[in-house]
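Okay, so subunit A shows up in both of these, paired with subunit B first and subunit C after.
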Partner chain A sequence: MPEPLAWQIGKVTAIRAETPGVNSFTLELPSWRAHRAGQHYDVRLTAADGYQAQRSYSIASPPSRAGEVDLTIERIADGEVSPYFHDVIEVGDRVELRGPIGGYFAWEPPLGGPLLLVAGGSGVVPLMAILRERASAEARPPAALLYSSRTFDDVIYREELDALAAADAGLRVIHTLTRAQPPDWTGHARRIDRAMLAEAIAAAGAEPLAYICGPTLLVEAAANGLVELGVPPARVRTERFGPTS
Partner chain B sequence: MDDPLVLDANAVAGDLAELFGFEVTSATHRCGHCGNVAAVGTLLAWTQGPGVTLRCSACREVVIRYVRTATHTYLDVSGASYIAAGH
Partner chain C sequence: MTEGFVSRGFVGRSRDPGERAGRVPPGQYLTEGFPVLSAGPTPQIPLDTWAFTIEGLVRTPVTWSWQEFTALPSRDWTVDISCVTKWTKLDTAWHGVSLDDLLAAVEVDPRARFVTAHSFGGYTTNLPLTDLLNNQAFVAWEYDGRPLEPAHGGPARLVVPHLYLWKSAKWVRGLRLREEDEPGFWESLGYHNRGDPWREERYSGD
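Now for the complex of A and B:
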């Protein structure tokens, strides 16, 4: 089998809590290959009786970190794989995985911009890889991230996003909190809608290259909205990750 | 479309790469039903059944499907009039 498709055994070297339900896992890989921001790894668990469960998790780290990847994983209560990561796996444990995988939902500096990134919940993970890759690029295209979370505490990478935006006039981060907002909240407080998408397009620039990742219905609404606002369909890339619950 | 379970072909890019022998989501396909030309990655993926069904994002007809049995893998690409990969 070609190398990215061969299963390998990675070792968990660090676990960090990002939010109450989301952790980042650093995996050291014996057959590491440089990935493109936006790609994912397939993770496979095998039970004692041979039953296997397989899921895809987006890479959060930039390709410049040789030898390892960060996978940021949300705990899905009735999931088969993510509860194992959150409840069972410890530093030093080994996990079977293959990758990097995918070529369609991927960005690298030669693709340029302006970049318009739209995220719902943990859909921000591959977009964070894009922003991290962009931050270290020689020429940074203008970029806007429109990011929908349920509550303030559910915002993944909040401090890093704040720091990236503060240090970079070419990056705008627009948050919306759909379920509850802190008393001093100045961002949006509703689901992503046409006005918000128009604001994000204005922040990114004309004819943006759009990457949308999140729950299926959010992706659907955002992709249709961007096309209605004049973004060419061929410049809208989507990654749906299914239902939110 | 209001099916919360539908994914993109990207979700099964690993399986597809295994079946086709190359990274196929960034290749171009033409839908055999409506003639839409787009990246394979734009196909919509239904993954909850015994096999995987990939449908055209424009007309929703089946373009690619595959299923694994205990002994064989069946791959049906009869819904695509071509797949073009750069080299």
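Now for the complex of A and C:
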């Protein structure tokens, strides 16, 4: 029998607001194991009467940060676990979790590129781990992130993405805001479509290795679009979520 | 060790002591929607090129065309399904053919103990033969009275409702019967070899 993936008690050491509905929680782990960018942890909450609830959350931090992970969590209004994180959890609290989990939607430098990342909303979290991992790699493959958000204020990691792209000619970040745009907005203002995917492929480079994460409809459209534009299906990795609460 | 741990201030949703509660495996929550999870793009499979094959340790390998397959004796199935990503959906309604009927058509070699399901797009998953017998499993081409959508595994999908849903191979195109077990796609990537939700067999070693 393989070694079970044991539950452990992490300690919340920092909470950072990313957007009005999205926070990053830094958890210090007693049994930390290096993850692969793109993987997730399972979180388990236990009430005093023994009732339990579990959810999976993507790791936002790169594996180079030993001993701790950042989980970036969107608050889902009618959810059960995400509202607990947003409304109850404070620095110093303890959280039960196990991981890292997931072996396919993951990237490390030997997999190479060019990297084509497509995100919808909080689907950007595992892709951010990939970009952070790439930023600290010795050989950085060309990369493009096509990132759909509802509004400007909903863009998670906006300043860090700006800084990464400004410092790196090999990285292009393409934003689209689907619901509302600031008056001086020069980016796209519609749902991800074929033209945007073609622009992202051109920015990344031919035969890209694609990672797509977001709501089901966005992932379906983006994955099908990339295949229609000639990206081999075996080079397209997807992670889909409905509302995860 | 985390035994006895209580999450400070966690109350959770209202407990459901009724019939539903006994149908939700540990660590799962109920959903009304039908989330889509898969590792890559959704393959588009024209029905005139679709075929379903049973091969390996069988007396007579069989390949059915779409017309032949959907003309096999079929019935409605109402089952509860659980995905390893934590959601459970009750009373899902499918239409398809029992694995018992499919396997009867090929006459299984007595040495066969395991099955690998193969899908269009390259996905595989492995199952003990015993998990597919006695009306525990079927291949469905309708969901909720309509043709099964590609995103949910259409044209046809294996459904093994008593195991986590990654065992219910989408876009299934055939079964290979074998003497030895061989891990499939997720089973090679850290997920449990059998995947019984009631024993919470999510990952290797659970």
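Just so we're on the same page, the second predicted complex is superposed on the first by the 238 of 245 C-alpha atoms of A that agree within 3 Å, B and C clash if a C-alpha of one lies under 4 Å from a C-alpha of the other, contacts with A are read in each partner's own complex, and residues count from 1 in each chain.
One rule holds in what follows: contacts are C-beta pairs under 8 Å (C-beta built on N, C-alpha and C of every residue); 3 or more make two chains touch, one makes a residue touch a chain.
As the structure is a prediction and not an experimental result, all values here were calculated from the model.
**Q** Sticking to the clash and touch definitions up top, decide whether subunit B and subunit C on subunit A clash or fit.
**A** The answer is clash.
**Q** Between subunit C and subunit B, which one touches more residues of subunit A when both complexes sit on the common chain A?
**A** Result: the larger residue contact count on subunit A belongs to C.
**Q** Where does A:46 make contact in the superposed view: on subunit B (first), on subunit C (second), on both, or on neither?
**A** In the superposition, A:46 touches subunit C alone.
**Q** Check whether A:207 is in contact with subunit B, with subunit C, with both or with neither, and answer first, second, both or neither.
**A** In the superposition, A:207 contacts neither subunit B nor subunit C.
**Q** Which partner does A:4 contact after superposing on A: first (subunit B), second (subunit C), both, neither?
**A** After superposing on A, A:4 lies in contact with both subunit B and subunit C.
**Q** For A:28, select first, second, both or neither according to whether it touches subunit B, subunit C, the two together, or no partner.
**A** Touch status of A:28: no partner.
**Q** Could you look at A:241 and tell me whether it touches subunit B, subunit C, both or neither (first, second, both, neither)?
**A** both
**Q** Answer with first, second, both or neither: which of subunit B and subunit C does A:226 touch in the superposed model?
**A** After superposing on A, A:226 lies in contact with subunit C but is clear of subunit B.
**Q** Per the contact definition in the header, classify A:108: touching subunit B only (first), subunit C only (second), both, or neither.
**A** After superposing on A, A:108 lies clear of both subunit B and subunit C.
**Q** Considering only the touch criterion stated at the top, classify A:88 as touching first (subunit B), second (subunit C), both, or neither.
**A** After superposition on chain A, A:88 lies in contact with subunit C alone.
**Q** Following superposition on the C-alpha atoms of chain A, which segment of subunit C from the set 6-14, 96-104 or 150-158 overlaps subunit B?
**A** The overlap with subunit B comes from subunit C residues 150-158.
**Q** Can you list the residues of subunit A that touch subunit B in one structure and subunit C in the other?
**A** 1-2, 4-5, 42, 56, 101-105, 216, 220, 234, 237-238, 240-243
**Q** Where on subunit A is subunit B touching in the complex?
**A** Residue positions touching the partner: 1-2, 4-5, 40, 42, 56, 98-99, 101-106, 215-217, 220, 234, 237-244.
**Q** Using the touch definition up top, name the residues of subunit A that touch subunit C in the complex.
**A** Of all residues in subunit A, those touching subunit C are 1-5, 7-9, 42, 44-49, 51-56, 80, 84, 88, 93-96, 101-105, 216, 219-220, 223-224, 226-227, 233-234, 236-238, 240-243, 245.
**Q** In the complex formed with subunit A, which residues of subunit C make contact?
**A** Spelled out, the residues of subunit C in touch with subunit A are 2, 5-13, 15, 26-29, 31, 33-44, 85-87, 121-122, 151, 185-186, 188-190, 202-206.
**Q** Where on subunit B is subunit A touching in the complex?
**A** For this pair, the touching residues of subunit B are 1-11, 13-14, 17-18, 21-23, 25-26, 38-42.
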